[in-house]
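Structures incoming, each one as structure tokens.
Each of the next two complexes has chain A plus one more chain, namely chain B in the first and chain C in the second.
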Partner chain A sequence: MLKGMRRLISKVHKAKHEEQHEGQHYSLPLQDMKTIFPHGLPPRFVMQMKTFNEACLMVRKPALELLHHLKNTNFDHPAVRYVLYGEKGTGKTLSLCHIIHFCAKQDWLILHIPDGHLWVKNCQDLLQSTYNKQRFDQPLEASVWLKNFKTANERFLSQIKIQEKYVWNKRESVEKGSLLGEVVEQGITRVRNATDAVGIVLKELKRQSSLGIFRLLVAVDGVNALWGRTTLKREDKSPIAPEELALIYNLRKMVKNDWHGGAIVLTLSQTGSLFKPRRACLPQELLGKEGFDALDPFIPILVSNYNPKEFESCIQYYLENSWLQHEKAHTEEGKKELLFLSNANPGQLERLCAYL
Partner chain B sequence: MAASCVSCCAALSCRLFLGGRVNLARRQVLWKAAAAELQTVFGSQILRLRHTTVVTTKKNVASLRCETYTVDFIKKQIEEFNLGKRHLANMMGEDPETFTQEDIDRAIAYLFPSGLFEKRARPIMKHPEQIFPKQKATQWGEDGRPFHFLFYTGKQSYYSLMHDAYGKLLNLEKHKNELQAKGLFSEEAKTKDLIGSRWLIKEELEEMLVEKLSDQDYAQFIRLLERLLTLQCGAAEKEFLQSFRRSVTIQSKKQLIEPVQYDEQGMAFSTSEGKRKSAKAEAVVYEHGSGRIKVNGIDYLLYFPVTQDREQLMFPFHFLDRLGKHDVTCTVSGGGRSAQAGAIRLAMARALCSFVTEEEVEWMRQAGLLTVDPRIRERKKPGQEGARRKFTWKKR
Partner chain C sequence: MAAPVMKTVRGWSDLALGVRSAVLRLPGLSQVRWSRYSPEYRDPQIDKEYYRKPLAEQTEEQKFELELRKTQLIKAAPATKTGSVFEDPLISKFTNMMMKGGNKVLARSLMTKEAWGVLVHWIPWQTLEAVKRKQFEKYHAASPEERAAIERNPYTIFHQALKNCEPVIGLVPILKGGHFYQVPVPLSDRRRRFMAMKWMITECREKKPRRMLMPEKLSQELLEAFHNQGPVIRRKHDMHKMAEANRALAHYRWW
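Presenting the complex of A and B:
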């Protein structure tokens, strides 16, 4: 047992996390979790949060690296793209959440898409877009996302003003100079226009972040969905390409680095991906040629399994919360067994410990 | 020689067909099929185990319910067998004088290759004593009086054996009393002969005595022998007792241990194979490592997403308490996920044998880590839907 592997409870800024904190847990206040993360946390983590009645994240190297980059970003340059990739269960989504929490504390505007794959599959109703006849709208997903966006960024919605006039239909329109909050409300109430509302929000935010009023963080989980295939079909059973979905089209524009004043953090995910082999985890494999070219200058960050220190720390955390009830869990042999069986993979370890 | 060949040919060629019954009465039937010389010569000796014939003996018709082979018949069979053995040796180009039973088996397997799965259904050529079950010769003479004085007990050989043994026991006790009276009696320990051997089992005893026994009879006999053991015996008694002991082979000495090999960097490693159902695996275990396992070039966590398979891989190391100490690289093919896991486990356990003490190898063998799992997918039978499942039974 290494000394000093206790949890470090810090209620202060994550800005203070240096490399020596690597491997230690810190807890986040639950109120924050509700505001910043209405969506986007992995479901097992949410269950764990509910059980332990606290949210604890481990500080790990990829996240620290990213934080370091973010602290030193030059906001006059175009937004830098960071791609988190790795094997299944290594902690990409949680690292993303770590980054988001940091940026939220630093008062950035968070544009968080919890899972790109949700927008390309299992969509119940597709409408032909009012704005552009070739594209398709997804009212349900768009409205859900708008609701969550509102919860996450309440205060910005009353500050940002749109700079163009948008006409919804014959009777309703939004004037130039009105608050972004209004657009969001319109999207939530009028579900038919929700996709267009999302498009407007994205366009405005992109335009205005370059002005320097606020910093924008675009965080997309499962970004490989944007360039893959969809399982959605038109009425005549012909498949739809991702470009024909309005949400995806707008999001692609967002992820292009032709704006400045913020950063783009992306995560690849094989778990929800369509038509990709199980063992694909590299950016080249998951994004495909098109996606890779579109994202081309990006900084890849590998998220790997726990190293021994982090593994110990995780086990300690579970032991402290009395999560491991088996007698052998305290012993060295038990730890070795767990290490072998999970091969230091965080996801596997969590699933294993659930039985103990 | 030629004449006997011809007679053999004429008389016994019908025996060859493997599916047929041996029927002595039909010996005289000439078989016109163009039998090769091979077949004609060996017709008599290539027999299946299942042959039931009714042979009428000259006397004792009343006692015959089951089949019996007369002594003459058995003698004739033995002669024919020896003759056939010499012919076979000639054919195979070997020396007839030194032609053993193993050579005969090999020759028959070569000359009559059989694809049957059941080993006992394949052609065999063995000494008639092993083929025909042992039978008692007639036990009473022409006047109807039995030869043996214990005939009317029903189990004459058993009771005569008990009688002899008890006689020996009494003699030994008398001898012991005489020695004690003279004061020359001395104790001896003689358990050395008994290690590594066991008493006859009931089936073996029945076979020896050619009569049926009950469990109580057998128990009584063993008790008598044990009593004999406790007394001091001379050489003749010891021989008598040894004839009833069978040796027990020790299993573990048969375990093959792979040699340790060394590769370029001087790392010690050992390779071995394992299989399960239809999966074959080959594992290379390095002596010093950190517990990483690569299967077909892929990390074992990705290759076996199911925890059960990884637990199987963990078993050998966990058993020997060497969880993080070895590196393994393995290749596996065939079978399903569970079979592949089992095959790799066997291969790893065998490879580990070379890094581990003899005692631990014995423990592993007893834990079942080194045994090939003999379970194979059972064949589907005709008339049933699967191996065991029958078609739906309809009452009408």
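Presenting the complex of A and C:
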């Protein structure tokens, strides 16, 4: 029913989202948002959270489909890859955040890379990697990511033990059987070794997720950055390929489906991408041949614009929060105009309603 | 030789309609500063409701108007006047005054509509959005009694702020006996609105801190003017005081 669309407030049981809840909003507790999402939420959504003092997500079909698949995963089979793709502003990142919240509530370990494109451009300090002379280290990005990873997965860091000895340099090393938290601390404090710390974390998590102690969710936003081109250059101005960056190299190994005990959810994004045309949104166009072959086989999930029910629900949500202050916005004329101007695109609608 | 060509074209349209132009057009003289349309062109009617009224509800005059419009020449509507329900003529005028070098896209994105490809997303790029978010913050921080008094509609705040900034009386330099005297003079509505908007824009442009963006500064000034405080209101009061001080010179006005 389009007229009487109400918001469904379900704070606890995300698992109970069924098809009949499609189009309705549910609110997430703000405390959870701070722990689970230290990074990774779209910036305009963060602004909206701050203004409304609440975080509300709409339950939509792509997310429901993914949740259904995740609930029925067989953890003995290799990890399945799901790729969310669609036009700009349709809600791929927020769908990913929905999935992450669900998995966090189910006590999975979340490995969330907020934006792959941040690792392949605008890097101020590139160091030659100590581990492998051919590759490059990115200390800043790695340490920032480790900090956020620590906030999101506090309790796992004190449970997981590493199964190999790693030597940082002549004086420091980390023994077999010590906690993962120590590796993360080392990465945060010694920024030079941050990239290697990230590599160790990824390797250990991949190895141990198959043992069944925990379930691993690898969530990467902007995964097409891993197989594109970078804008980074060496000192002699020759371009660097993505595989020469240690972070990207390790992440590619993570996204391969040779481990079991979890799932891999990926999002394509044209917005931050390098050297890709603006209209490109399909997996073949954004990933390129190399990326597509590396990710093949995967389950593609299209995220599209709002259907009429969801559009109406979104407008009702804004009206309930008194976000739409213009007197004409309540009328049928106003709603028709909003539909026309935004073409039911969630991102455009949000920007339109911001100044009305 | 554009001017004589224009004149002859107009002369032809004059003759075709048989309507004499109200303004005296002397031969050999072409008017450059006024509109390129000759006087018989009517302004376009943008309002959709005007055309949707059923025939039964219209008075004799309106029916006559409608019939007359079918035969008259009508000017082309400017691109900025849309039939949109959300359009506000005051906001359009203010955006035009803020515009520099014909860059309407930039002026509009600073005032109302955000550009889609903006790189920095976590600060509001438009004045109206910034005003709205500040008021929402205040609303959530206030107690339930105070909440009713907080206005959150950016359009009412904008209109009220500019109305508060309008001066009641203005000063005009009049030459008498070799000296210019500042004489207090009543202002028309149009002039008052213009002065309010001009003061607001100059204030924001000149007294802005270096790294602050225009929307943020404008939203600050608008909110202060809404509460009858701030530099623009002070400038209005200064103008009033000067007019009061020069009261004796009011006789110098001859209109």
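In this text, the second predicted complex is superposed on the first by the 353 of 356 C-alpha atoms of A that agree within 3 Å, B and C clash if a C-alpha of one lies under 4 Å from a C-alpha of the other, contacts with A are read in each partner's own complex, and residues count from 1 in each chain.
Basically, a contact is a pair of C-beta atoms (placed from the backbone, for glycine too) under 8 Å apart; a residue touches a chain by one contact, two chains touch by 3 or more.
Only a predicted model underlies this, so the values are computations on that prediction, with no experimental measurement involved.
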item	value
Partner chain(s) touched by A:Lys309 [first = chain B, second = chain C, both, neither]	neither
Which of chain B and chain C A:Ser322 touches, first, second, both or neither	second
Touching partner for A:Arg207 - first (chain B), second (chain C), both, neither	neither
First, second, both or neither for A:Leu356, with chain B first and chain C second	second
Which superposed partner A:Val46 touches (first chain B, second chain C, both, neither)	second
Contacts of A:Lys233 with chain B and chain C, given as first, second, both or neither	neither
Chain B versus chain C as contact partner of A:Thr331, first or second or both or neither	second
Which superposed partner A:Leu339 touches (first chain B, second chain C, both, neither)	first
Per-residue contact with chain A, leading partner among chain C and chain B	C
Which of chain B and chain C A:Arg279 touches, first, second, both or neither	first
Overlap of chain C and chain B interfaces on chain A (superposed complexes)	333, 337, 348, 351
Complex contact set, residues of chain C against chain A	84-86, 112-114, 116, 121-122, 124, 126, 128-129, 132-133, 136-137, 140, 152-155
Contact set on chain B toward chain A in their complex	291, 298-302, 307, 310-311, 314, 317-318, 321, 323-324
Contacting residues of chain A [partner chain B, same complex]	87, 279, 333, 336-337, 339-343, 345, 348, 351-352
Interfacial residue positions of chain A with respect to chain C in the complex	42-44, 46-47, 51-53, 322-323, 325-329, 331, 333-334, 337, 348, 351, 354-356
